[in-house]
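In what follows, chain A forms one complex with chain B and a second complex with chain C.
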Partner chain A sequence: MDMKVQKAKLGLKEKYRLMTRDLGWTPSYQPHEKLYPYAAYEGIVIHDWDKWEDPFRLTMDAYWKYQAEKDRKFYAIIDAHAQNNGHLNITDARYLSALKIFLQAISPGEYCAHKGFARAGREFPGVGTQVACQMQSIDELRHAQTQIHALSSYNRYYDGFHAFIQMRDRMWYNSVPRSFFDDAMTGGPFEFMVAIGFSFEYVLTNLLFVPFMSGAAYNGDMATVTFGFSAQSDEARHMTLGLECIKFILEQDPANLPIVQRWLDKWFWRGLRLLSLVGTMMDYMLPKRVMSWAEAWEIYAEDNGSALFKDLARYGIRPPKGWKDAAKARDHISHQFMLAFYQWSFGTAFHGWIPSEADLDWLSSKYPETFDRHYRPRWDYFKKLADAGTQFRNVGLAKLCQCCQMPCVFTEPDDPTLLCHRERVIDGHRYHFCSDHCREIVEHEPEKYVQAWMPMNQLFQGTSGGGGIENWMRWVNLVDGKDNGDFVGSRDQRNFAAWRGMATSNNGT
Partner chain B sequence: MQIDLRTVTIEPQRHAYDHLEQRFGAKPASRYQEASYDIQAVENLHYRPTWDPEQQLYDPDLSRVRMRDWYAIKDPRQFYYSSYTLTRARQQDTAEANFAFVESRGLSALMPGELTAQVLALLMPLRHAAWGANQNNTLICGYGFGTTFTQPCMFQAMDQLGIAQYLSRLGLLLGDPESLGAGKRAWMVDATWQPLRHYTEDTMALRDPVEVFVAQNLVLDGLLYPLVYEHLVDDVLSARGASCVAMLTQFMSEWGSETRKWIDAVTKTLAAESADNRAALCDWIDRWLPRAALAVLPIVAIVLGDQAQSAVEDQMTDFAGRLGKAGVTR
Partner chain C sequence: MSQVFIVLQSNEETRAIVEAIEQDNPRAKVTRQPAMVRIDAPEHLVIRRTTVEEKTGGAFDLQSLHINLVTLGGHVSEDEDELSLSWNH
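And now, the complex of A and B:
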């Protein structure tokens, strides 16, 4: 006896609707704006949340299953890496500087994204959007945690990793990513979505992940490759969400266009400044290089980005204001930034160095228009000083841009021999900027940016550990002579060479 | 005889990240510790939120409860992303097998129609209650302070979404899309469900993350889950012939008892901190518990009729025992 009645099959879309947006309801015991208090103040008008197209139809049962499979693989590899001294397989200990920057600057950003998407996942009044944001929130937590776990075994053997928590809040160059994410999270839910969901995840994340993870693979770093690959399928979902969100906002009301355009202008530029850290890493810190920053920029930003903005043109969106200046800066920023890091390497929790002749030749070939003319002579000069035992040290403190918090080391878009510097007096105080675009961002919301915590200003005011470099080092947990300074002669260099010798020969066992 | 394969032995320079050595001493840290402690920014926050300039970006003062160290709170399950996901994936395997078992044998069709109707009347509106709980836990994660407090709330939010989805599947298996529609109408207009919807909407208007935790996780779910899933479904309805429904809600029963251990541990730590905290917890319980009891009563009555009152009272007694063990007393 078969009592089963054949039921009409539900379509996938209808089924997913029942699993998500049908769960919500229109409140009647509380006013709508009491439950969603931050949904309107940014000026974005949404007429119908039901018009939201779900970018991916993932229910929790499938989510747990897929993610668990990925995590099982990830942790199996990390365990093996730790057990077998996988750190000795990297090409050279110089490579560790890139990992140190990643852990100090990027992993805390993943956590900010987790927190920010949790807030967005509560504040948006549409269930479909909320569910997508919540999934991204928990994914971002995953990314922060897998990174901390993967780099934990490096921390046991090498310097510069141990205090990433304290340095996240206190180290001067980490105020670049911190202020970036703080800025996005202190914006409303829509700005956060355009900043992180679209500008960062969709427009720029490939620039971060693809070169970084390829760099790790090229340099024998299995642990990093693993978290990169493992995160990639999450990233694909996040990119889809970012794109869907911006289209949704633009389709809802024409009044949204100027607001969204301004956010795109702002967040493209802020993202570019943040990623110049990555450019520096790609051009200088990978012993074995995948491609230059300029090449990556061409593929992942210029080519992909042009296609994207062509696609968005039908909504009235134009490429971000800083687009052309970004292209002009492409052949300069990594060199300008690495030269700065080298001068200030006493105050960084990673090592700097003068590139070898072979590395300089590589840079000349990748940057034929700029390197030999503007930057190689400076490296040659630094090398001469170092060889003479009078290594160049800049003991002055960097003047930071009030917006992006980078030292003002970048040049005029049309004159690479002239430092770019802008300033503006707000309420009797003089503020400095690295570019027109950063100044414009601040001019639009001066009351926000005057609040920024500026590490160099604080150091001068004696608030960072009580004044003086030694107190400052103690305050940021920087171990002088170990975490900082030149790679040549560092403990990391010595240890790596000795341990690798033990692993590959019969010496020292 | 044990044979150790030999690898190159290298002396580590340190055992763990600084912040973990400071908390737990110079020894290797667990993955839970690495994943959870101190990973939220705490100082030198750059800007005040434009959505509420009175607040800080991460603001412990959003709650009336005060902690010298929010990381005193911990999750006895030691859930971080991976351990959480692996645990739920295993439970999902079981749930999938249960659904397949019930479906392939047509067990749900063997239930008398009246019983099926009762099950649907009880469970379908709870999809929306679970969504409310998802919203509330997402808020706690977003605005609560300290990762050991907030990350389990994100897990809880995703679990509640999962529960709403299991209930939806159950409704489609026992009935059809219209069963879900009828449940939603009941949630919106039937007198039976209005106290619970009212309660849910009122908690969604709260902004103190710990009060939300108390009103939703401790109080409401502290009554609702044991009553609905452990008592009504697993005992009463099973005995009446709906044991296949208990298979379909096995996740919820197990999940209820698992999460109570965490909720109790959090409550206990909050209460142990200070008399002021205990007073805050007691005020909130005074505010929400009577309402929660009134809200679950008509729901329990769907199955128990006149005996609902005593079932709720029994549950209140159990709940008072939990509070006592957690040290929530004036």
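And now, the complex of A and C:
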């Protein structure tokens, strides 16, 4: 008679050891350095890769199980959203602008992160790190796919969603996220890890996904909440991987400290510039708002970030160089950026607008130190011009920062009435910068940044569709009169109102 | 004193987990926001498998927390019985 044998269940630690360390081997056909040719050139010294461990101790078998469940939940909701005209449940069609920016600017970044982690997983010599990077690479691909899939249901009804892939490469404001990820991907594996795994995931993604997705829920957008939280459930693991990697690098050799500090300085600042886009979405594009950008910054960057840097102080790490300037910019950047978007709305694949009186009041209450003094009068002035039928248009092209590629619209850290502008001549060419921090980044690696593809410069050179605004619009796939311009009077506004009317009464047909 | 925190999606599965966290961490503060629950605690926070199992009456695999996790802050340490968050300063 067969006896049923109770198989001893493996403990998490034992299982992790078997499913990571045990998958590695010592090469015998080729020397180690030839297998991992990019592991040393950045100057980071690692003595023992086995010291790195994933604190979640996640192994591939468990990974597939939980990811499959996340995807099942995601698609159940996406199906329900499509079947029930979910697009009509959003609070207001202005909210669509936030989704358009997300799809054009952020989702392609997820795809870049996927490629970057696939490469990092190959180039890091440690097995634990390879497995964790592989999981993250698959996560990021899932994020890009689920976001595109979820937002495709809006593309059936609204303008501006149709050409996000081309726009990622060609649209001027999308060169901000594009250059961020391109910069990270063209660094070595360690810099990539600090850039994305640590600065972006740990210090900054909380600001991107958590309040923004909670805001999506508040605005009735189930599709976005679902992809947002589904992606964010992976971010907790990514942040932990980033933090673990940085501790590991710092513990391995004291020579690593100055290199890592420089990367933290650089990537914190680049991340901050990228996130000013999110700040603008949070403060201006969510019809119902959970919290302001300033409040989110306080909770997720100042409180959580300071706890983190206090913790890393024992390795000799200090808060990033731009930390204080970032705090000073907190109450300004979203307003400065939205004002810029409004002036250039003829060249954006989403709609701009002048905030309503109620929205201006909300901004005044959230930014008591800055809004009434510096920004509300400008909106009032724009409103006066618009009411008189002479809407303000800035037809000049913006001067772009050679580092972050943002138009130079931000002000001096200590003087919000003075535009911040720095320049530097390198090999006979004059380059512009939005801040001291961006200039420093370029000065450290000028040979890298002088090669940057700058959309405004290209437009002047006639390489973006053959010169002229009309050719440029065709080239970026921007449909004039539909994708761009003011929300008021737009096709999106008309269609949303008409379809919602049909959904809530029997008289709309 | 630094805070550690964990944010979970608010749904049926996490209700018992949040209750377990409140029971095991008397100093934890629970904040409910649209679609999510945020739990902050000074210095340290622990999630115990057995406490969640007492609440639900069924088996609970701690790693399944990944499905409903939104974000966290602090160093993670996890084995089959508990997941803890802490800072080292």
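One rule holds in what follows: the second predicted complex is superposed on the first by the 498 of 509 C-alpha atoms of A that agree within 3 Å, B and C clash if a C-alpha of one lies under 4 Å from a C-alpha of the other, contacts with A are read in each partner's own complex, and residues count from 1 in each chain.
Here is the rule we use: contacts are C-beta pairs under 8 Å (C-beta built on N, C-alpha and C of every residue); 3 or more make two chains touch, one makes a residue touch a chain.
Values in this document were obtained by computation on a predicted structure and should not be read as measured data.
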With chain A superposed, do chain B and chain C clash or fit? fit
Quick one: is A:Arg237 in contact with chain B, with chain C, with both, or with neither? Answer first, second, both or neither. second
Greater residue coverage of chain A in the superposed arrangement, chain B or chain C: B
Which superposed partner A:Leu207 touches (first chain B, second chain C, both, neither): neither
Please indicate which partner A:Lys310 is in contact with in the superposed arrangement: first for chain B, second for chain C, both, or neither. second
Quick test of understanding: once the structures are aligned on A, what is the angle at the Cα centre of chain A formed with chain B and chain C, as a multiple of 10 degrees? 80
Who does A:Lys448 touch here: chain B (first), chain C (second), both, or neither? first
Tell me which partner A:Tyr75 touches in the superposition: chain B (first), chain C (second), both or neither. first
Minimum Cα separation, chain C to chain B, after superposition on A (Å): 14
What residues on chain A does chain C touch that chain B touches too? 69
Chain A contact footprint on chain B (complex, rising order): 7-8, 10, 12-19, 29, 31, 34-35, 38-52, 57-58, 80-82, 85-86, 88-90, 92, 95-96, 106, 109-110, 127-128, 130-131, 134-135, 138-139, 141-143, 147, 150-151, 154-155, 157-159, 161-162, 164-166, 168, 172, 176-177, 180, 184, 187-188, 197-198, 201-202, 204-205
Per the touch rule above, chain A residues touching chain B in the complex are 2-5, 7-8, 10, 14-15, 18-19, 22-25, 27-30, 34-35, 37-38, 41, 59-61, 63-65, 67-69, 71-72, 74-75, 83-85, 88, 108, 111-112, 114-115, 118-119, 121-122, 127, 130-131, 134-135, 137-138, 141-142, 144-146, 148-149, 152, 155-159, 161-166, 168-170, 175, 178-179, 182-183, 185-189, 445, 448-449, 451-453, 455, 477, 495, 499, 502-503, 509
Could you please specify the touching residues of chain C with respect to chain A in the complex? 2-5, 7, 9, 33-36, 63-64, 66-80, 87-89
For the complex, which residues does chain A have touching chain C? 11-13, 55-58, 62, 66, 69-70, 73, 205-206, 209-210, 213-215, 217-218, 225, 229, 232-233, 235-237, 239-240, 243, 290, 303-304, 306-308, 310-311, 313-314
